[in-house]
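In what follows, chain A forms one complex with chain B and a second complex with chain C.
This part shows the complex of A and B:
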């Protein structure tokens, strides 16, 4: 066991060293997301718990904001991880990237501390700028919004300038174009209108188009690079499919935004537009099954990084079920009229975000860990038989799926009592949440939340220790292909 | 019941037991549409990959179940007019997409 292998920062290029910083913060925020989620979940069961200390509204806000930011840190880190390898040159403006990292991290800490210290008070222009913008999911105060856009622009500059200095690729082209949208789309959540319908209209551009469209493309780029690295997939094929998948996704996804416009006061044609594109949104996911079967059958890939590959597979399944099945279940307006704003949406949100994004970040963490440990074998025959990563995978996925099912039970109870029997009245809102089925669903959600927490601890432990005692070097599929040639 | 139909997109009044049954049928059918779509696509792809007639028959069987679930979805929600056209379009897309993707996959992997 050599020291160089354990603290393998010397083996990393400049971009990867910066990426590791992003990954470290991402993992801390992932823990914060779970912790505040558990606190908020427990407040459903015991509403007096921490009342006046950390209110439910604050717990829920930090839970969701931490999720958004840890995903973002993970994505930015992932791009910095791959950029020198992909462009064949050093990162341009690395110092600027480091500066942006520290600005972003310090801003996140300040925002969360302010959330916790100032939980109530009047809503004024000053509070919008310095305390809380007050818009669900994007509560960060305006100064932090500006900071996020500046950091994203710096990130865009670093990525675009690096590819311009080095070599372009299909992945690079899609990535750079997408980063323009990543920075630009966030701006739509930064202006305010006293007309609630207009305000919600633009707010959904951030929630649906920024998070679900531009992030999906970003994840597509990371996935493409990940498949080349973990499976040795041919670049030409991966790039072609990246184009096809982006076209399919944007074709059905952009106007799929319409399913968020059903009940916010927009014109009635959004019912048809939203319903139409929502019905077609799962078709690309289903079609991709064919491609996966073709590749697994024809190429019979082998990977020297089983945890990363397992998380990529979890990504494919999680995306399909969380976004596809759980999404279409309630996106037609005739169904959504009863389900929107209930725990049904939370059920879909938990499964889809974990399946589509968290899994991908964790896969890249394992790719990074392998390099950090000196490119040792993470495939079969690990010293401890890989029990930690297998249990972490099982507990995290089992925990999230369990929470999803439990929230679905509670959501159905709300549809049944609040919407159907009581006709969406104020008293129905409370009756539903006092019903035994609703509460049982919430208890099970809490139990599966603890299971997720256990998986998180195991994941962190595994990332810190996997491959430390491993001496066999990894044989990467790309190397096999090159040697064979 | 009426509250579930395309003409009655409102929740001002209670739905009633009949409507609740229809609602439950609709959401389960909605989920199964995507699941049967995926199983059809997988069986179709494996059938082509291994030139297996049995798998191709299973695939078409799954597509038959997909058609049934779309019918259940449409009738449970009392869909009419443009919404029924959408259901037909959806079926066509689920049927055609795997075949097109297979061709595209084979062509791009040559």
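This part shows the complex of A and C:
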């Protein structure tokens, strides 16, 4: 019945127009994450590279901060993308959302420029307020912390008020409660203490309760909506699964926090509490795999958006293996006492962040790209056979899995030499760092890093071109909908 | 809809999710009250700041079956006994410097941070500093000019010069001395400390 397809910004609702801005910045930061990761990785192989100019500490800080922020931009964008569809009404404070976007983006640019140009300051509180806070993952100076909280509160207001004005659903309820926790947890990282144990105790409330609890629930919501959109999965089943995942995720993840309290001066009961509950943390991730595979199988993998579905399935498996299996491998205190603070952690970190979160963001990028191109077919029989998205999928996943394996080899070597043989001294540390097997692992990590970079370029190229020459309209699965009243 | 068993129903799992989350949160809050009390400086597991006036040994506790810090006799840092307030100010200045110089993006502290440079938790006790009598002097010299005084043990990896003042360097040493006295439940396993006078 339609004649000309509507494409570009005109094809989007208000929330989606804001979402694509978040996605654009997220992709730039994804590129920055990879670039600075490669620079830091190369410094392991050639320590004099950029020594005294852009030292490892700076590259690594930009690498992990770009990662955290592009995840956040991707999540916020994803929620803005789905909110009008899910609530059945327009975003209530779109101008506020736009204001928060620009504030957040400008703040990120200023923080990165300060990281790169000023780098460090004198040992005074002013450095922590205006240069960097010097705490892993949340190095952003305190003024930026305040800005992040303001932006998150605006985001929370927009989400909650929009659902209150429109209609609620199971996904909406979980999402709104989860966002309270996302904003609240960040506050626990915004104070200074001379007491390192106290500092790290609360620091983990941000890092763990974001990454291993609230973020997981957030992507669970996006996954639920994504399965309805890409497969036409039945809402009641998806929502029930979401509740199961929340129960398992927070049932294990909240006290799983204890696996960070083994060695920081905290009481010994955390060995039992943390060990037990963190050992249960993979269980919800198994449930998510079962859920995704079950829904895909029931619908015979029929989807008008193959790249999005492929990335959703990559998310399910990446989350399970990266966060679940790789986390479990060294979560018990009997193992962790040797592996804590070695390349084992780096191996787990790369696989988990990519598998659990990057994959989900990329899936939503493809859902967005399809609408941007006028809802054309992204399923089988793409004009170029979809070689770009398939290769991007392969290179990115292969690259990250390769880095994970390489870092694990180095991690094993480090643990045996530094911890088991050499008594965890400084000389033991350097003996391990110079061991041939450790260095081989680092070389392979670098090579797989280049593979990841190639996958990133292909992904960007594909997102800019996929469906441009496609004329067949997408046939969307009809959801067996029973929206909560 | 009516033939869905109760255990598979949406409402059952919604309630379960709410109760489980609430229950776990309450347990966490209760444990947090206890833990925060225990890790306050001067309590059983985290030393008071004036511990920098004392000698810190690292010894095997046969009952606990791992090593632990043992506070010994007077051994003032840089030859000066400090009041509790002065000690706290010095340790705090050191911690602030560690943060402002972004040390955790190369090193780990209590095992958390980056893995490019050695863990600093037991740096005060590390045999890298030759012996107790010269340790604090060598540490300050190293921090003021890490390029010249590189301690890479054969590696070409060097710490960059972060332009610390002498006061900052001394404060960092105070912070690391205090850190070495935290009871880390045996982490890192089998740590081999510097030879300590009067050691058993």
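To be clear about the criterion, the second predicted complex is superposed on the first by the 455 of 485 C-alpha atoms of A that agree within 3 Å, B and C clash if a C-alpha of one lies under 4 Å from a C-alpha of the other, contacts with A are read in each partner's own complex, and residues count from 1 in each chain.
Just so it is clear, a residue touches a chain if its C-beta (ideal position, glycine included) is under 8 Å from a C-beta of that chain, and two chains touch if they have at least 3 such contacts.
Note that the structure is a prediction, hence the values are computed from the model and not measured.
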Chain B versus chain C as contact partner of A:201, first or second or both or neither: second
First, second, both or neither for A:69, with chain B first and chain C second: neither
Which of chain B and chain C A:335 touches, first, second, both or neither: first
Partner chain in contact with A:273 - chain B first, chain C second, else both or neither: second
Contacts of A:291 with chain B and chain C, given as first, second, both or neither: first
Partner chain in contact with A:392 - chain B first, chain C second, else both or neither: neither
Chain B versus chain C as contact partner of A:416, first or second or both or neither: first
Touched partner set for A:426, first chain B, second chain C, both or neither: second
Chain A residues touched - chain C or chain B, whichever exceeds: C
Partner chain in contact with A:458 - chain B first, chain C second, else both or neither: neither
On chain A, positions contacted by chain B and by chain C: 236, 240, 244, 271, 337-338, 419-420, 422-424
Chain A-touching residues of chain B, taken from the complex the two chains share: 4-6, 9-16, 19-20, 23, 26-27, 30-31, 33-35, 37-38, 41-42, 44-46, 49-50, 73, 77, 79, 82-83, 86-87, 89-90, 93-94, 97-98, 100-102, 104-106, 108-109
Chain C residues touching chain A - in the complex, by the definition given at the top: 8-10, 13-14, 16-17, 20-21, 24-25, 27-28, 31, 34-36, 38-41, 45-46, 49, 88, 91-106, 108-119, 122-123, 126-128, 147, 151-158, 160-162, 164-165, 168, 171-172, 175, 179, 182-192
Contacting residues of chain A [partner chain B, same complex]: 236-237, 240-241, 244, 271-272, 275-276, 279-280, 282-291, 293-295, 297-298, 320, 324-326, 328-330, 332-335, 337-339, 415-416, 419-424
Contact set on chain A toward chain C in their complex: 40, 43-44, 47-48, 51-52, 55-58, 60-61, 119-125, 127-128, 131-136, 139, 170, 174, 192, 194-201, 203, 236, 239-240, 243-244, 246-247, 250-251, 254-255, 257-258, 260-271, 273, 337-338, 340-343, 345-346, 414, 419-420, 422-427, 429-431, 433-434
